[in-house]
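Letters A, B, C and D mark the chains in the order given here, with residues in each chain numbered from 1 onward.
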Amino acid sequence: MVVDNPQQPANLIPELCRSFYQDGSLEPVVEFVFVMGLAISLSATSQTYFSSDKVYIAPSGVQKERIKPTHIFVLPYPQAAPSPHTDRVFLRRPATNLKESACTPLFWNSFELRNAGSCIHTHSQHAVMTTLLWTGPVFKISHQMIKGVRVGGTGPALSYLDTLELPIIENTPNEEDLKDSMAEAMIKYPNAAGVLVRRHGVYVWGNDWEKAKTQTECLDYLFEIAVKMKLAGLPTLLNSE
Amino acid sequence: MVVDNPQQPANLIPELCRSFYQDGSLEPVVEFVFVMGLAISLSATSQTYFSSDKVYIAPSGVQKERIKPTHIFVLPYPQAAPSPHTDRVFLRRPATNLKESACTPLFWNSFELRNAGSCIHTHSQHAVMTTLLWTGPVFKISHQMIKGVRVGGTGPALSYLDTLELPIIENTPNEEDLKDSMAEAMIKYPNAAGVLVRRHGVYVWGNDWEKAKTQTECLDYLFEIAVKMKLAGLPTLLNSE
Amino acid sequence: MVVDNPQQPANLIPELCRSFYQDGSLEPVVEFVFVMGLAISLSATSQTYFSSDKVYIAPSGVQKERIKPTHIFVLPYPQAAPSPHTDRVFLRRPATNLKESACTPLFWNSFELRNAGSCIHTHSQHAVMTTLLWTGPVFKISHQMIKGVRVGGTGPALSYLDTLELPIIENTPNEEDLKDSMAEAMIKYPNAAGVLVRRHGVYVWGNDWEKAKTQTECLDYLFEIAVKMKLAGLPTLLNSE
Amino acid sequence: MVVDNPQQPANLIPELCRSFYQDGSLEPVVEFVFVMGLAISLSATSQTYFSSDKVYIAPSGVQKERIKPTHIFVLPYPQAAPSPHTDRVFLRRPATNLKESACTPLFWNSFELRNAGSCIHTHSQHAVMTTLLWTGPVFKISHQMIKGVRVGGTGPALSYLDTLELPIIENTPNEEDLKDSMAEAMIKYPNAAGVLVRRHGVYVWGNDWEKAKTQTECLDYLFEIAVKMKLAGLPTLLNSE
């Protein structure tokens, strides 16, 4: 299953984790996770050639820059969201005693509610600071470079004149327990391209891994500049709504 | 056309995009673009050997660290500024369904109004913060390391005793619609080495790709320190003008 | 003794120092040091195969990104904490006139008091700023991503609902003189996963090098966000204690 | 003259410039320069094997990450400080029309007044911000990690209980015109390991390239934390002097 093709998810996930780690911008220190699967269309620059019946998940609690292709979990799809652990069905598990990402049930939200092909979770300090400085249930920003973000994460691109809105949910001690409140927030904010978790981080998804990654980077850029603006006393919302 | 020479623009643009991405300092997250062409003199350390009749343009909406030489567009020069899309003439387009950078008409401003050989557009947060903290139509700074910037972008170097001035234009939803206001600003400020776009980023040009890149880095350095100074309550302009 | 295995401590320490240096996040500018040894279990992803009778120590006062395997000191274990210098027993010393890290006696605290398998010392500016903004004898934070940190550094993971506490000891001109006050603080705060040194840095340990490294990164993440929160006027402690 | 030995100055300078550029911490955007020569003892980890009769100087106005060994200038030593340009004697000049660093006469100060073996000039924003926030003729800091800095740059290491002092001189339009005021400051502050130039950067030297580089990094660390402390309202000087 782990072949030589660098675009194969089991090869790609370690490369992307390493790249994010070296970059440092997304602060992948604790449990940065990356999931891909479903119809992984490799965007405009490539062919769609991975079938939509597998989900590839990174392991939990390991050094993200040292993940190897053989550490990746593969789950069948569709299946009911795999929660709790004992219910999960695997097509392939690492030989070593690793556990799959604790976010697994949350990734399923993006597959089921948005038909996403890839989902990313980060503990970016820009995301966390955003949830501390925006104390309500939603973060809004307008008149910034929001056009790299898509409506609902998988729809058409936002325009410069739109307002970007992301719900903020409250954290829980166990990541899996966020599943229901995240789903609720996604239903209440159907145009949101991600969900912020207070004092914790953010979930972002897209049609394929390239769009999920690009939107993660765009949103992180927006969190960063929003925090800078707030601390400098500048308004982040010009629209009247 | 894509040969083994690393200095060939189709090879150089991907390398530079990757380098800027890894560096992180220019925040190339959304649509960082890079254009080169015309008389590409490879500065003092090399020979001028590319003809002045081609413009090489990076694709739009792709991951900047993963651009390949075969993704680069080549347009003939001179031709009227290619706007709208349907009017554009290409010598070569990527086989995949990529689009050339939406900034293409804006790059033409630098060729036509300044005789530039290369133009760079970034969404640097330092540039954006500068446009938020300087609310008027122009950014000025003096008594900093401005001597790496050239008068008008293609003239002699500024002196430590000069004042650097860059016009700030208002953003529009479609990047192409900035063409006229950018041209106006360039005519009104003939000594400006770049144009800031409020809440969006900056355009910088130079006689060749090396000078465009160096000036982009110098200006970004100045935006960064100007923002730090402003937030620390320090004046950024000592000259009396 | 220096074999080709990249997991061999004498090979691993230079790689990790180089990686921290390039990353920049831990500011390894002056005397960043890294020690490993004892029962080095290479975590879940690997076998435990290094014996517990050797301690590997990086040299002092050299460029951390240029350490070579042959620069690593090897000391027998157990032995009484090697202080002062003249008392130290070595299994192997570099041929050149290097000195072992001045932190050597302090690393011994983590072995003897916590049964740690690896200990890391950094001069991270986030750690130093934390000791400047928290002027008392202890740093506390809650309701952040603290679950990457273990009770006492070698016990079970903290929960999101726990409060992380680290003692802060006062600096001394000679690093070795910190040994006793560090030991006192470790005894007084048995649940602390590290010890901050005012105006100097932090010591962090773990069961093996991977856990020591992960906890160093987690704690540095927490110092960084704690400083941001403090400067933004946000409370870092929500628990009532 | 340019041989395969990576420790040969003509090979080492490009590597170090590239490393500083990629690191980003020293902001080498405008004219970062690096000089070495004299008795280049390669520190404890190596042999002294370069003769003391040559000075190697990087070119001016080029992209620092793209310097090649053949771009390095070689000057004989001793000779009177080479100023103005027409007086300079070279053992070797690049074939292309490059110019040697404009700092050349300033580097000579470190050779003649401190017997340094290497000198580094950076435009670090931390250094520049330090000169803006310390408006007098001297920067002082105590009770930080100053022990990586040596008395006068080439003497014994400072102790934690000492106060670090660096003179700040006023900038001039032409870098060469700083020669006399820099020399004056070095004579007035014989214990200073470097000279800050207001609104411009810093000069740092050492017995050999490794010590010059380490001290440049230490001082940059101190400038960075000093600026953070000042902006947070924390005193940077605890000693009574």
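Brief remarks follow.
The criterion applied here is as follows: contacts are C-beta pairs under 8 Å (C-beta built on N, C-alpha and C of every residue); 3 or more make two chains touch, one makes a residue touch a chain.
Chain-to-protein mapping (UniProt): A, B, C, D = Methylthioribulose-1-phosphate dehydratase.
Given the structure is predicted, the values throughout are model-derived calculations rather than measurements.
Both subunit B and subunit D are touched by no common chain. Here the chain-to-chain distance from subunit A to subunit D, counted in touching steps, is 2. Subunit B and subunit C have Cα centroids separated by 45 Å.
The distance from the centre of subunit C to the centre of subunit D, with each centre set as the mean of the Cα atoms, comes to 31 Å. Residue positions of subunit D touching 2 or more other chains, listed in rising order: 22, 24. Taken pairwise by the contact criterion, the protein chains form one closed cycle in which every chain touches exactly two others.
All chain pairs in contact, by the document's touch criterion: A-B, A-C, B-D, C-D.
Partner subunit D is touched in their complex by these residues of subunit B: 22-25, 43-46, 143-145, 147-148, 159-161, 210, 213-214, 217-218, 220-221, 224-225, 228-229, 232, 234. The part of subunit B that touches subunit A in the complex is made up of residues 22, 24, 27, 29-31, 61-63, 66, 68, 71, 96-98, 123, 125, 128-129, 132-133, 171-173, 199-201, 231.
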